[in-house]
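First chain written, first letter: the chains are A, B and C, and each begins at residue 1.
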Amino acid sequence: MRIETIYRGEKVTLLVNGKAVTAHRGETVHAALLAAGCRVLRKSKTGTEFRGFLCGMGVCYDCLVTINGLAGQRACMRLVEDGMEIRIDEPDL
Amino acid sequence: MSRTCDVAIVGAGFAGLAAADVLARSGLDIRVFDENPHVGGQLLRRPGGTSHGPGGFEFDGIKRSGLRLVARVARRGVKVNGGTQVLGLFPGNTLLVQGGDGRVSEITARCVLCASGARETYIPFKGWTLPGVISTGSAQILIKSSGMLPAKETLIGGLGPLPFVLAREISRHGGKVSAILDHGGVLDKIGLLRTLPRNLPKLLDGAWIMVLLALRGIRVRPRMRILEASGKTRLESVVAARASGEGAIISGTEIRYQTECLAVGFGFAPNIELLLQAGCIAAHVPERGGWVVQVGDILETSMENVFAAGEVTGIAGARKSLIEGRIAGLAIRERLGCPAPATPQMLHGLACERRDELRYGAVLNRMCRLPGDWVKGIQEETIICRCEDVRMADIRKALAHGFATPGALRKACRCGLGNCQGRICSPILRDILAAVAKPDPARLAAPSVRPPIKAVRLGALAENEEIVTVGSASPPDP
Amino acid sequence: MKSSMTDVVVIGGGVIGTSVAYYLARRGVRATLLERGDMASGSAGDCDGLVLLQSKRPGIHLRLAMESRTLFDRLMEELPVPIEYRRGGGMVVIETEEEFRAMERYVQEQRETGLEVALLDIAAARRMEPGLSESLVGAAYSPLDGQVNPIALTHGFALGARALGARVRTHTEVKGIRLEGGRVTGVETDQGRFSAEVVVNAGGVYAPRLGEMVGITVPIQPRRGQLLVTGATRPMIKGCFISARYIAAKHNPELAKGKGEGIAIEQTESGNLLLGSTREFVGFDRRTTVEGLRGIARRTVAVLPGLSDLNVIRSFAGLRPYTPDGLPILGPVKGVDGFIMAAGHEGDGIALSPITGELIAQFIAEGRTEFPLDPFRLERFASSPDTAGRELNQDGADAH
């Protein structure tokens, strides 16, 4: 769902659960994951439900992923970097 | 970064930048902090993590003014510390700050300006936690900051102008909008006419959006209520129905939409957490959007040399933020002994403009309230605290046991004890308490906020310049 | 004004007051619990849940705690709310050789009192808790140490008391206590008058104010403890941890250097880690501070370096009701018949709440207790002038 007409930064490659995913400099991890089809990220606190993205601006702490080994990172507040390793706890792809 | 400065500004949106603009000409040492990688706050987002670039035409030139402001502030040499979160404000005006490199440090300012803006509020419904249910703001950010549509086709719902503005953005960029489920009605919007003639450009923009949506055949359904979102692991369908003027669901009007993305927007809440944590007095003012920090004419809070500007003093949009940023900047310059020329006249003019914008804000905020006793309709399985999976049934049980204040519910149900520290659920909880438990209003106190106001890595807090030795052979010094 | 008849009024809806009300109700004594705010709105709502025996001074204090601990198993079954009591074992981490030598003596005394405890070198300690830092010297370990959910415990006592016939009134503030001829006859509140033959002062850090209402001096002072909370995470530790230094700050002035602060760490049932603590005399100020946050973070990662990557999501502070000798004030008060003290547990309130409730209820119902109350009575302060007027030095350790 990338908008065709927008000027984009240079391509970067991310590793999402070990798989290579292309993104563009200037995009958030949130956007890159969404473009790759990821809407589900983890289970809820009690494990009865799933969580993905909600507020997109760092308030809700729904979109927690592991980035470069550090858990509990908000995907919406991080810009992609080449070689970034992202782990999603409960992907449903 | 040195340990002290003259002015620390928290937030580089309209208010923070307007203040920085005024202060930049004073020779004072100012620091600006923003947790985002870009400058300009929620409203000035452009692809590439910058705030430059093309945008659609708008009658209201506020965004154009904003972009000019961003450029001007940069030209004047004000550096914004991006990717930086402020963790707390402590006695003596010391801020605990985590920089983009992850390091935590302290900086003491003679004056602090909190311009931390607003976040969206939510009206919960069964299944709203499913991946695929997002906020309208989240969709806007995807489009503006990352050049991404939230989905091929998006269903939109909510109150106030947000759903319409988003629909316009999505369709402009080639996306599809299934429908707009307006929880308000046509009559709610009439109130906006009272803000003429000053707000003519905004209203023209609004009217223009409605025309464009009609031209594209995007269905707008007024007086709808989202009843349920369902799906196995992610959103698959949404059921909505019409509600009467008093808020009762009209049976037989249910519509089901098959969709993977529902964007909801119900209004805003001020981000006053830093000010609450510091000990500033706040008040619950519905026409200002809920809990706001109390400020005087020059926007000083109840704490000396702590100022607040923008959405934190009341939800009213970008223009008020610009005006208040200027007021705070002028007031701080005067307080620190380098007043701008003609300050009294400027403050007088700004005060008048501020009053006008507050009136506009009151209309907006009234639009963002659901009619009737909507809390009664919250289904038992509806999650109220997303972080801790607390459902309406748990809350009703706690209320029945006599836990009837926000603090008591926190202790009884764990509502608000999760990662978001109650930012999402507090406004909802307040409405539930006000409606269901009918307590003494004095008991609906503002949530108590302790630092860190945003999550911070334990190791980052632990690091310090001093060398720490553990398990030394010799006894420690007395 | 409304007037209500009751046998016993318990003032204070914290863990102590609710425990007393519960054990009274169990014995069929008519009790009314009065709390001016919400249940657990005082110290019981702002503390960790450690139920430790190792931190209790060997002798009467430790024996009291051991009695209390056995009651927790029963409470798990009796109370209407899950209290999340777990006996995962506890470690007193030792950071210097000096501390190790002091702990050798301490462990000896603990064993003499009857506690099951072992002194381990760091290798043995790490086999039990791999997260411990290699640069520590060792740890004292007891399998009897554990933890509970203090808020659930307080709610459990309150709801349990109510289910057994006690009246539990929140948002009811005691304004005065009525005396007639040196006897308690009732209390005045902002919601009406309650007649009673017995009034229990379970006011925690506010116990002195209640004491003033009957003309007695209660030497309890608030001592702040700050705590950090991490986000919920997978199990990182098996049991709980405190520092040898932390025990020292409470009991042994030779070990208490500087601030005398150490760690107090547990992982709760919900997966969050509670990281403490500080011990500060700052009046009734319940704010957390930069020094507190940083200090606790530093001390934590020095002991459990693997916790560094956890997110701290908030902090809070509670006020411990401190007494000059570190023992709670329990039992009847000379000169004020019917006025019973049950306060001053300084950091041990949660662990000692069951036995306190049981003993006070036993005393009220039967006039005697199986476990001696005399060492805990208020009069002990008047009889030794240097304890009553003892001055505290800067770091809060008792000055000798």
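The definition used in the following text is that contacts are C-beta pairs under 8 Å (C-beta built on N, C-alpha and C of every residue); 3 or more make two chains touch, one makes a residue touch a chain.
Everything numeric in this text was worked out from a predicted model, so none of it was measured.
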Chain with minimal offset from the mean of all protein Cα atoms: B
Higher-contact pair (C-beta pairs counted), A-C versus A-B: A-B
Chain B and chain C, separation of their C-alpha mean positions in angstrom: 40
Chain A and chain C, separation of their C-alpha mean positions in angstrom: 45
Whole-Å gap between the CA centroids of chain A and chain B: 22
Two or more partner chains touched - positions in chain C: 231-232, 270, 309-311
Shared-contact residues (touching 2 or more other chains) in chain B: 388, 418-419, 455, 457
For chain A, residues that touch 2 or more chains besides their own: 45, 70, 72
Chain C - residues contacting chain A, complex: 231-233, 270-271, 309-311
Interface residues, chain A side, partner chain C - complex: 45, 70-72
Residues of chain B touching chain C in the complex: 88, 90, 94, 96, 106, 279, 388, 401-403, 405, 407-408, 411-412, 414, 417-419, 421, 443, 450-452, 455-459, 461-462, 464, 468, 470-473, 475-478
Of all residues in chain B, those that touch chain A in their complex: 35-37, 42, 47-50, 53, 119-120, 129-135, 137-139, 141-143, 145-152, 173-175, 233-235, 260, 383, 386-389, 418-420, 423-424, 454-455, 457
Residues of chain A touching chain B in the complex: 1-9, 25-28, 30-32, 34-35, 39-41, 44-46, 48-62, 64, 70, 72, 76-77, 79, 92
